[in-house]
Amino acid sequence: MEEKNMKEIMEKAEVLIEALPYIQRFNRKIIVVKYGGSAMVDEELKKNVIQDVTLLKLVGFKPIIVHGGGKEISKWVGKVGMEPEFVNGLRKTDAATMEIAEMVLGKVNKSLVQMVESLGVNAIGISGKDGGLLKVDKKLSNGQDIGFVGDVKEVNPKILYDLLEKDFLPIVCPVGMDDEFNTYNINADDAACAIARAVKAEKLAFLTDIEGVYKDPEDKDTLISELPVSDARKLIEDGYIGGGMLPKLNNCIDAIENGVSRVHILDGRIAHCLLLEIFTNRGIGTAILGDKETKFYHE
Amino acid sequence: MEEKNMKEIMEKAEVLIEALPYIQRFNRKIIVVKYGGSAMVDEELKKNVIQDVTLLKLVGFKPIIVHGGGKEISKWVGKVGMEPEFVNGLRKTDAATMEIAEMVLGKVNKSLVQMVESLGVNAIGISGKDGGLLKVDKKLSNGQDIGFVGDVKEVNPKILYDLLEKDFLPIVCPVGMDDEFNTYNINADDAACAIARAVKAEKLAFLTDIEGVYKDPEDKDTLISELPVSDARKLIEDGYIGGGMLPKLNNCIDAIENGVSRVHILDGRIAHCLLLEIFTNRGIGTAILGDKETKFYHE
Amino acid sequence: MEEKNMKEIMEKAEVLIEALPYIQRFNRKIIVVKYGGSAMVDEELKKNVIQDVTLLKLVGFKPIIVHGGGKEISKWVGKVGMEPEFVNGLRKTDAATMEIAEMVLGKVNKSLVQMVESLGVNAIGISGKDGGLLKVDKKLSNGQDIGFVGDVKEVNPKILYDLLEKDFLPIVCPVGMDDEFNTYNINADDAACAIARAVKAEKLAFLTDIEGVYKDPEDKDTLISELPVSDARKLIEDGYIGGGMLPKLNNCIDAIENGVSRVHILDGRIAHCLLLEIFTNRGIGTAILGDKETKFYHE
Amino acid sequence: MEEKNMKEIMEKAEVLIEALPYIQRFNRKIIVVKYGGSAMVDEELKKNVIQDVTLLKLVGFKPIIVHGGGKEISKWVGKVGMEPEFVNGLRKTDAATMEIAEMVLGKVNKSLVQMVESLGVNAIGISGKDGGLLKVDKKLSNGQDIGFVGDVKEVNPKILYDLLEKDFLPIVCPVGMDDEFNTYNINADDAACAIARAVKAEKLAFLTDIEGVYKDPEDKDTLISELPVSDARKLIEDGYIGGGMLPKLNNCIDAIENGVSRVHILDGRIAHCLLLEIFTNRGIGTAILGDKETKFYHE
Amino acid sequence: MEEKNMKEIMEKAEVLIEALPYIQRFNRKIIVVKYGGSAMVDEELKKNVIQDVTLLKLVGFKPIIVHGGGKEISKWVGKVGMEPEFVNGLRKTDAATMEIAEMVLGKVNKSLVQMVESLGVNAIGISGKDGGLLKVDKKLSNGQDIGFVGDVKEVNPKILYDLLEKDFLPIVCPVGMDDEFNTYNINADDAACAIARAVKAEKLAFLTDIEGVYKDPEDKDTLISELPVSDARKLIEDGYIGGGMLPKLNNCIDAIENGVSRVHILDGRIAHCLLLEIFTNRGIGTAILGDKETKFYHE
Amino acid sequence: MEEKNMKEIMEKAEVLIEALPYIQRFNRKIIVVKYGGSAMVDEELKKNVIQDVTLLKLVGFKPIIVHGGGKEISKWVGKVGMEPEFVNGLRKTDAATMEIAEMVLGKVNKSLVQMVESLGVNAIGISGKDGGLLKVDKKLSNGQDIGFVGDVKEVNPKILYDLLEKDFLPIVCPVGMDDEFNTYNINADDAACAIARAVKAEKLAFLTDIEGVYKDPEDKDTLISELPVSDARKLIEDGYIGGGMLPKLNNCIDAIENGVSRVHILDGRIAHCLLLEIFTNRGIGTAILGDKETKFYHE
């Protein structure tokens, strides 16, 4: 074998060996992946995410995908001649809108199933209605009724445990029912967080359209790599965090406080960000972790 | 207790006791129910069907629902300003139509899940994509390509066995994938028949909008109550069977020839027709059965 | 179909649907039935009771029958020329009487097995000796030794759990052993109560020859339909309860206090009283229940 | 330790070690013991048999006892003033006699349960009615109807496998039911043989009141220790075998021909004959075995 | 059969029956046997020990053998021209010595596997390295480093439970690893004691070269048959115990205090001492037991 | 992130994704690795091999290591002053040599266990004696008795299935027993081949000191990458194969003919050769495969 080839394949071997301790560490652990944003629009990124999650499944992890469907919903609301309406940034969801939202989320759900199946792994697409997975209360926006938008009040994880036991990769769309069995839309971040808590996930990873949490969002050099939960709370108190990051970071804190070991805010625009975060010694984005956890993770 | 009351409750007891041998006979047996037609449109009938299937589940049967979505699909195709197109009675299904069909079927699917869950039974709604349940070939209509319409070529029943083992009521919509993992629409009768064969169902019941099979469709007095499979074949050969009944009856014959014990063509417009057929000594509609089977069933 | 027939079968369907919530509520729950009195003498009632219990088994409950053999024992004691002897209403049971009692109870036991088996359900008849099910102490009657009459001091439920797991319907006759492995007769009510406590039964039902508990036994209009356990205690304290009802009601209170959810005193002379109590919205007899339990049950 | 003691305990050790290969050979194998004759009358022998079977159970075998009740039945028939009647050596069994026979067999059955339980092993006493174990046809005696005497036509071994799996020692009395679920008495030898065949027992042992099979019954020196099945057939053809031995030997041949490895005719009057046969290098009585089986067994 | 023979085989039966209660008492209980001393040198005794342990296995106990290799190690140290060195009675174990010790212990280990396998029982020989069974700290002797001699600091019993569940007889040699995965020699008595504690053994038996514990070692008549743990402690405090017995007795006390029911110090020079101790009503050597345990054991 | 870093981590991701189809293909498949030669001498290579096998284990494969101990045995034979003796290239193995060989192999075995354990995976080191894994016949060399050298005549894979089920990585040294339970040395290649056949391994990989099979050993450019079994046979017939390669290739052919899908002759001197062969699209060494197998593997 020529020397150049030899060197190249040696490097391959090193990458694989580098993955060894991480595979070992997360073997048979549940990892909830909130899948959304650009990574859901760009076809190449989409393929990458599905490859990553499938690889996680194959090497012994137990991934669960929770996905949204944001822009697609607006598109279809428009297609049927309705006008999307937002109140304080939340979609006002009357019965007709909810019907379309559920249809679109269902379509996205099955398209993900399709991609995973094409890679030879058994997937099953469910919504929060199946097996009574997600029970909700109506969510008010500053006291205002905005229709069928729900807050998760209870997760019944039986269906997820059953599917994981039978070796399926569950793909969940964020629709639930209230006590009268009406259908509600749920924010996908919230659904992923509630599910991660209920199944005591080892990790919860958000695929986002940002690089991570910044100390100063204006200054790209202030990206925070590891953020203990008390520091996260302090950043919020001190007003450093705003916009869409605020509810996301609150979700992260909530997850850590309820038994999830580590939450990752990843930049979904980087190909294979999930894989790189988990299998290599280079962290991607921001990891929120418990205060007591030793920082050995990427060292 | 007054005499009148006494008589009434005694009659109740008799009905329950009458169900005893049928419960016993079908205990832990799989029953595939093709759900469609009027029973899917009328809200009261819809509730009745779901109550019936839920009761079957609770008393120890293993029902699987396979449903269509016919009229709803046309409605939504219209809503987005497209024109439904049919070739030899089959919907021409281009990519855009398939997308809508899948969305609508998904919506119907989850609405059935919702109703079963509201009765306290765990349901899970899947399509033929999940777990690779339904593999299809493109179906041609007299040699003509009519788009994403599929013939079932292979059923992978693992997902159904897994879900039944975990005590779920599976609700299946007739969408499948070809070898390149493209999405196809499948006729719901065909899907139900293929699934019944694959899981070696004890019974396959079609909820239809007719009373059953007639010797002479003009003469309501010629309704056939029990139809041995060889007689069914003869009726077809002799040209007695036409219209929508022909493929349905061919499906019935196919199921019987492949291990299903009994196929029922029920009048879905009669409330609780499923329950009455299975639990009482009055047959409803037409039962197709193997030639050798003794006729003791409703005697 | 003629209108009259149609109406009739619709009523049948309604009865079955009415049973739905009760089937769901008691699915996989253990129900102990104390079988005795007239319902054991009249051949038609006997058949009804066995049909009822078999139906309970088939629709997913886990019934256990505990039976007595009262009059038959006296008859056989007479047949072999011995004189039955009673002390304070309890049969004086010397070794010879015990031998006959055990034989008669065994015969009754197997005749019940026979009836259940003829309905296609697997039954197994055991006594409290099998698997060490019932351990007793000698019972004294006002300090007087009345022979081999025992008080249950310990129940070893392993054999019942094993048989239920293997899907048998256990039929138990009230014979037990003391620490020296001598044979004792046990009051069937006491045995049923002890077993219901040991297996944490959901229900304990006594088939009796009375209509239920009366506030005033002279006045048939004072039949109590639901009796919270504290009211039951009060009725006893206030001297309303006497005769054979007193120990029975004490057994009921004991069962409720030890984890059984609901105890029924049913009129075994009404055909299918068990079925009607459990599957319809008409209560039969008197139900003793915990004080905190909400009264929604038959409303 | 004194020398004499030392020698004595060394001998003890040798006996235990001698048992080693036999324990190993029969580990987890089913052994059916037909228990009857003197060993059932003499209290000391009774205790010995139960000790032996219990020991077999404890060291890992799966024994099943099948017992008769001959003399006791006649005694109780007499007690109630009836006259036992025999036709060609078979008890004529009208309904009244059958009732008594079942009672007596039930009593004997539970007394054996009692003895096994007192040795700390879980026993369960069943009849051929329980779990539908023994299905019979009416047996005629030279074409004559002799009442409720049955020939086993079918064994349903599920109940025995269930009980063995749950670690019970099953004790079976030879009562069965015909297709109409009537009760029949069965010859205990026949029942034991039918059960041994159905469960593919490794061994079937008959406890009898004779020393074994003689070439010449007049000459005690002609006791046959090992009898290949073809030799057994020849002995019968040549007229050497008569009396009660004839049906017994036919049963033995039948068992060997249907998968039982070895059948033993043991002298139940010798204390611990069962134990000695199985655990020591001294055969007791006559062993019937397949023709091909090598004779290494006691060598 | 001649009378003399008859008497002899009756005595055999009695020995077996005598074993009955002990088999029952220890059924499925774990028994750890420390195997060492003369019983490991003399070929006949060796065979006896293996027969005994194999018999324990076959009759339903779960034995685990822990063995040393003392004299063999010294022999091989010599063979390769090295000089064994002892500090305070402990072998000074440099890397080269440790290498030989591990080799010799491995050889002894497999020779025991071989003997058990030849008796038809599945054995598996492991060291404390396999499955991370024994974790050690370096042991100092009066503060002095004596090389790779370890104190057990943690037992991971998973491997033992796995092997017992799969019906193997585990044979363990006392080698372990420290936190850096270096190899250490462990005193076999200590290893046996640590393992017995970790698996909550019913019994721990030491095969030694002494008759047991004496009140006065000079006076053979003062052998103590049963020694409550508090008396054992007192004997030590009062200075009655010295030499090799002191650590052994401390191990015994430690085991009793940590959940082992009974510890035996047996004279391994008596053939089948293990069997005789467990299966007969003659105790051998000294049994150390909890203070509260009733003394019924050999009475 | 800087561009250079970005590119580097993207390449890492690609390597991992490249592994995806291979992980999927071999998930839960058994892979037998014959470990020997230089890879066992060089400390760095040793570490690499163990890392590779551990990674295989962690990502869902079921590896089994079979190792030799060649040079170490000779070294220790020398240490104790004996002279290694070879007959036709086979070590003459008298009892003393066998004793040393077993000791050395045991030591090597445990050192591999140690390395795997240090990587956090449960290993267990066994020889062919444990659980009766390897039964041998004496091997003659051209008719000459060369002592305790064995040919595998029977593999009892139960122990391997048990250990794999319990999630251990089994490490096997090639020692076995004959029918009289004497100890024999076995050629490690032969042992690996026999084990691969017995467990129907998906792959058998030999780590060797050569680059693979050459058409012309003199010409390094004639290395054969994929060798159908019929071509392999032809190479031998035509005399192209000689020396140590001949028995090795015969083993490969034997394995393929007995159900192993693919056999690899790898160059153990290349770091991570095992990993690279299995996880990348670059084959290393020579793969022997069935004639019918399509060649898609590395294309």
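We just call them A, B, C, D, E and F in the order they show up, numbering each chain from 1.
The rule is simple: a contact is a pair of C-beta atoms (placed from the backbone, for glycine too) under 8 Å apart; a residue touches a chain by one contact, two chains touch by 3 or more.
Predicted, not measured: the structure shown is a model, and the values here were computed from it.
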{"item": "Neighbouring chains shared between chain B and chain C, ordered by label", "value": "none"}
{"item": "Minimum number of chain-to-chain touching steps separating chain B from chain D", "value": "2"}
{"item": "Maximum centroid distance from chain B, chain identifier (CA atoms)", "value": "E"}
{"item": "Which listed pair, A-F, A-B or E-F, duplicates the contacts of B-C in over half of its pairs", "value": "A-F"}
{"item": "Distance between chain centroids, defined by C-alpha means - chain C, chain E (Å)", "value": "55"}
{"item": "Centroid spacing, where centroids are CA-atom means, of chain C and chain F in whole angstrom", "value": "68"}
{"item": "Chain-level touch network, classified as line, ring, star, complete or other", "value": "ring"}
{"item": "Successive chains around the closed ring, taking chain A as origin and chain F next", "value": "A, F, E, D, C, B"}
{"item": "Chain F residues touching chain E - in the complex, by the definition given at the top", "value": "79-81, 99, 102-104, 106-107, 109-110, 113-115, 117-118, 122-127, 129-132, 158-159, 162, 165-166, 168, 175, 177, 181, 183"}
{"item": "Contact footprint of chain C on chain B as seen in their complex", "value": "5, 9-13, 15-21, 23-24, 27, 51, 54-55, 58-60, 119-121, 270-272, 275-276, 279-280, 282"}
